[in-house]
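Both of the next two complexes hold chain A, though its partner changes from chain B to chain C.
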Partner chain A sequence: MEYIPVIGIEIHVELKTKSKMFSSGPVSYGKSKNSQTVLFDLAYPGVLPVVNKQAVRYGIQVASAMEMDIAKVLYFDRKNYFYSDLPKGYQITQNDHPIGSNGVIKITLSDGTVKEIGVERAHLEEDTAKQLHFPKYTLVDYNRCGTPLIEIVSKPEMHTPEEAVKYVEAIHEIITYLDVSDGKMEEGSMRCDVNISLMEKDSDKFGTKVECKNLNSIANVKSALEYEIKRQTELLNNNQVVEQETRRYNDSKGITELMRKKTDAVDYKYFREPNIAPIKLSTSFIKDAISSMKHLPEFYKKVFEDCELTQYQISQLLPDKNFTYFFYECLNYEVVSPKILWNLLMGDILSYLNKTEQKLANLQINKEQLVLLSNEIAKQNISYQQGKDVLNILLKEDKKTSDIIKSLNLSQVNDNLAIENIVNEVLSLNAQAITDFKNGKDKALGFIVGQVMKASKGKVNPEKAKQIVLNKIGN
Partner chain B sequence: MRKITKQVLIDCADNLLFNLSDIELEKLEKDFENFISQIEFLKALDDIDSEVCTTFPYEYYSNYLRDDVPTKPLKTKDVLKNVNNKFADMIKVSKVIGE
Partner chain C sequence: MGNLNKTIAMLHDDLVNNRVTSYELVEESCKKVTDDTCNMYEKKIVKDALKRAKKKTSIDKNKLLDGIPFVLKDNFSTKGVESTASSNSLNGYIPLYDATVYTKLKKAGAILIAKTSMDELAMGGTGTTSHIGPTLNPLDKTRIIGGSSAGSCAAVVAAHCPFSIGSDTGDSVRKPASYGGIVGFKPTYGLVSRYGLFAFAQSLDTVAYFSKDVLDSAILTEVLAGYDKNDSTSYKGKYDKSFIKNATEGVKSAKLCYFPQLVDNIKDKKIVDEYYKLIEKLKKHNITVEKCEIDEKLLNAIYPAYMIISSAEASSNNACLDGLRYGISGDINADNYREYIKQARSKGFSDMIKRRFVIGSFSLLSDNKQEIFLRAQKARTRIVKYMKEVFSKYDGLLVPASQNVAPLLSDIVYSWTKEPNYIDNHMAIGNFGGFPSITLPWIEKDNLPIGINLTSDNFKDANLLGIAKVIEDTVKEEN
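Here is the complex of A and B:
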């Protein structure tokens, strides 16, 4: 039997506000335990919730980025449950009237297909306390309690792990480019729960849904889904039933494990939060929130397409907004070849950052001087290899590109006669390589050109050198 | 529905650790009779499933949103002042969800 996976995703995003969703308690990370709460967060008698304006602005911006209908009136509800992670005994959330509804996320798959994934709702709520579970007891730190969250719920319209990954990446790009959240999955500021079932091909009946919780990386979303598709397919093919349950992904074993079986839906006895009157959002407030949104990845994609970067090059820049901003800011200067600039950034600079364990945001490099360097390479005044030497100095010292080139006595040899002389010398010393090339060993050509570059101390134009070598040893 | 007798009310009060006087008990029993009769009345009505619950007694809209300005948090020692069971500045509670 052939099955079609049906995937829906719920994503909780912690909003980057200074204070909590319904209290003025500070939102800060890495502080000592139970040091970031106010009376409301601990549910002292008589405390009342007051909605955070900035969280609402962020909610409108996220909803707008996903082309949603934005609520004109905010309603909040109580989700009642008794557990130590929320001392009030309920979570304030938006059950019936989310701030955003009926949105869409466009994803581009590896074969170039563009697919639209429906987003059912996005609603504002408060986060719970962080709990550390031990075999016999639980420790509770209420610092996170009340942190603003936006929960984004997709429609069950994804059918492959790749689609799910692209969807999560798209949401991650939206929230990080809007700067409404850190979006750090490994630190829990963006958390993913995935629902998956298998539907028989040519049927319109959904299979039994399994929920995989708290996947803390995009790679884990993919692995968990791949594992679940395999597990559920095997069960169904062996005439066994898929049970409705909640599972967690075990990173080290690469499998999902049972957390709990879902016998009946939990009744949270939702009702309207009586301590927050409905809040009318003025048109000007909504418009202002939308007009002050930062550019989304789509904006930068168009700019980069205009400077003729390939789709691959663009796809390498966009997932990390810091690289996007860096490249975009470089375009303020006159860039002769964006492709060479991209190679310097995504090849040499990225490699330098990895080696030195630095982040791009902390890198002290003058963007204008970097652009001048890429222009020198593009104009063939220096070779790319020489450019790397200049870059190594630019990365460490605040110097001008032109001064470095002068001090290193760098210039590219483009004169055909001069290159030919060096080529002749190299060929006379490498008869075996010539024979190898003539016998079909293509690598021998690279070796000879490498020897020419070495003999010229990296100064000759490598393209011209290659052409002259080819002319001489021919086919 | 369970009948709310005087004994039920006394048991509830015991569970909540307070005492009821005879006068209070009389009054509370009458209040419950009244309340249950209203529930019975509502239960007899048809087509109310789609009705929105009344949370606020009259139509009122606010436009107030709090500025995102944090205030000084409570000191950890004050947060933990009434906590009997603590460890490493965290509150120690019984585990209710199994691994």
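Here is the complex of A and C:
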């Protein structure tokens, strides 16, 4: 039997506000335990919630980015359950009227097809405390308690792990570009729960849903789904039933493990939060929130397409907004060849960052000088190889590209006669390589051109050298 | 000694004219509080009060409460002073902050003498379910004073202080006021901040207060009303603030109404006759009181709707009392948090509270919510909608606050009424709509008081106090 996976995703995003969702407690990360709380966060008798306006603005922006219907009136509800990480005994959330509903996320699959994934709802709520479990006891850190969250719930409209991954990436891009969240999955500021069931092909009956938690990277989303598809397929093929349950992804084993059966499900006894009167969102407030939105990836994609980067190149830039912003800012200067600039950024600068364990955001490099360097290469005044040497200096010192080129005495040899001389010399020393080439070993050509570059100390235009070598040893 | 039989306004006059000192008032209050025989208090802070009174060497002429002693219901957060809301679940809980109401009273110069006993967590109308036992009626110790704001009411009745603060969720200030023969005023929901008031049912909870007369209620409203950024339901908009002016001068005229069932169904026909006598007399003061029909179904819905909504909210509001961060602890031997919470809550709450939580939770379960909780909400909405219609035609609803004098302690039963009588519960209408509502001294029967209740439209508090002033004068004339 063939099965079609049906995947729905719930994403919790911590909002980067100064204070908490319903209190003046600070929102911070990595501070000492239980130092970032106020009375409300600990649910002392008599405290009352006050809605964080900035969190509402962020909520509107996220909803707008997903083309959602934005609520005209904000309502909050209580979700009641006893748990040691929930001091009030309930969480204030939006059950009946989410701030955003009925949205859509466009994803581009690897084969180029564009698919729209429906987003059912996005609602504001507060985070719980963090628990630190020890063998004989549990400690509670209330710093996180009350941090604003927006929960984004997709429709069950994804059918492959790839679609799920693209969806999560798209949400990640939205929240990071809007700058409403750090979106760090490994630190929990963006958390994914995935629901997956299998549907028989040519059927319209949904299978039993399994929820997977603890997916703290996009790679884990993919492997958890792949594992679950395999596990559920095997169960069904062996005439066993898939049980409705919550499973935890075990990163080190690459498998999902049973957390709890759904039969233990809690009845959350939702009701309207009486301490927050319905809040009318004025048209001007909504408009203002939307007009102050930072550009979404779509905007940069168009800009990059206009300067003729390939889809591949664009797809490498967009996932990390810092690279997008860097490249976009470089375009303020006259860039002769965006592709060469892209190579410098995504090849050489990226590998430098990796090697030195630095972040692009912290990199001190003069973008104008980088563009000038890229232009020197584009105009064939220096070779790419030489350009790398210049870049190495630009990365470390605040110098002008033109001065570095002068001081290194760099220039590209484009004169055919000069190149031919060097080529002749190299060929006379590499008879074996010529024979190899003639016997069909294409690699030998690269070797010979490499030798030419070496002999010229990288000054020769490699394209021209290649042409001249071919002329001499080709048919 | 006997200064504390006077009103706030009179005491203020005595204070600024040096006929008495704040220390003398506080000393008298402390003595009476210390000698209390009606079980009114949870926590007495007389030493501290005397210390503060000693420092008060001059009285601010512009602060009517300056130097005046008062008591506060134990469900208000008071920094450094144990606050239990008369529940074992909060034994040993010493708050880290002051309720806005207390902050404002301190700023106004009033001096806190004690925290008063109440029905556990404000859930009850008898004042007999406190963890320290029943509060008695100072007018007759075989009787209850009513609740839940029992100690606060009894303290003013016994003249331990000229005013006190309570809270009113169904009629928790206005009913005891009737049994005590004093004024009990519940302002419009949102007029006074609830920040620091321990939650019972927050869509109904209102800060309310006891005083000797209408003017004192107006003085307290002047001090306590106002937007508080810590309470999102406190009101930011404009409203008539001439509380004191109205309570001094009285209104020139008003058009009131009554629901016939709430008068004519009172068993004691003498009380019914008294009512019609009163409205006859009010005519002379240009206050007309007309009969206004109401569907009996709406009246019958008050009690069940109130019990369901308040219990549902209470079950959630009090979920924080899990013993994990404050309140009851020790003696608990649990392997996991669930067991710990279970033990803490089993020990912390009396059976009557547990019953409310169970019923409240039950009504919210997804299988029952539509049929129970949402139906109760619908009933509430319909009642409020009807009252809004009434208030579009009338300046207020005037009806007896209780159908009899304070019951005997020995007559109190703790099972839920199977056949509720709306005459006993109608004042919850004020909480359903957040309407301002005041109980005034009215008649006496067997030397015990019965009050009359006036309810108006939202934020018409000043007008209500003006009407109440005329009724107060009319009633006095009668006697």
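Definition applied: the second predicted complex is superposed on the first by the 471 of 475 C-alpha atoms of A that agree within 3 Å, B and C clash if a C-alpha of one lies under 4 Å from a C-alpha of the other, contacts with A are read in each partner's own complex, and residues count from 1 in each chain.
Please note the rule applied: a residue touches a chain if its C-beta (ideal position, glycine included) is under 8 Å from a C-beta of that chain, and two chains touch if they have at least 3 such contacts.
It should be emphasised that the depicted structure is a prediction, and the values quoted were computed from it without experimental measurement.
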Simultaneous placement of chain C and chain B on chain A, clash or fit: clash
Residues of chain A touched, compared between chain B and chain C (which is higher): B
Which of chain B and chain C A:84 touches, first, second, both or neither: both
First, second, both or neither for A:277, with chain B first and chain C second: both
First (chain B), second (chain C), both or neither touched by A:297: neither
First (chain B), second (chain C), both or neither touched by A:138: both
First, second, both or neither for A:269, with chain B first and chain C second: second
Which superposed partner A:387 touches (first chain B, second chain C, both, neither): neither
Contacts of A:59 with chain B and chain C, given as first, second, both or neither: neither
Which of chain B and chain C A:338 touches, first, second, both or neither: neither
Chain B versus chain C as contact partner of A:43, first or second or both or neither: second
Offending stretch of chain C which, after superposing on A, collides with chain B (from 290-298, 308-316, 344-352 or 452-460): 344-352
Common interface positions of chain A, toward chain B and toward chain C: 39, 42, 50-51, 83-84, 138, 271, 274, 277
Of all residues in chain A, those that touch chain B in their complex: 17-19, 24-27, 32-39, 42, 50-56, 73, 83-84, 132-142, 260, 271-272, 274, 277-282
Residues of chain B that touch chain A when the two form their complex: 53, 55-56, 60-71, 73-76, 79-80, 87-97, 99
Sites on chain A touched by chain C in the complex: 39, 42-51, 78, 80, 82-84, 87-90, 138, 267, 269-271, 274-277
Chain A partner contacts - residues on chain C that touch it in the complex: 75-77, 83, 85, 90, 93, 95-97, 99, 194-199, 201-203, 229-233, 312-313, 315-316, 318-322, 324-326, 337-338, 341, 361, 364-367, 369, 373
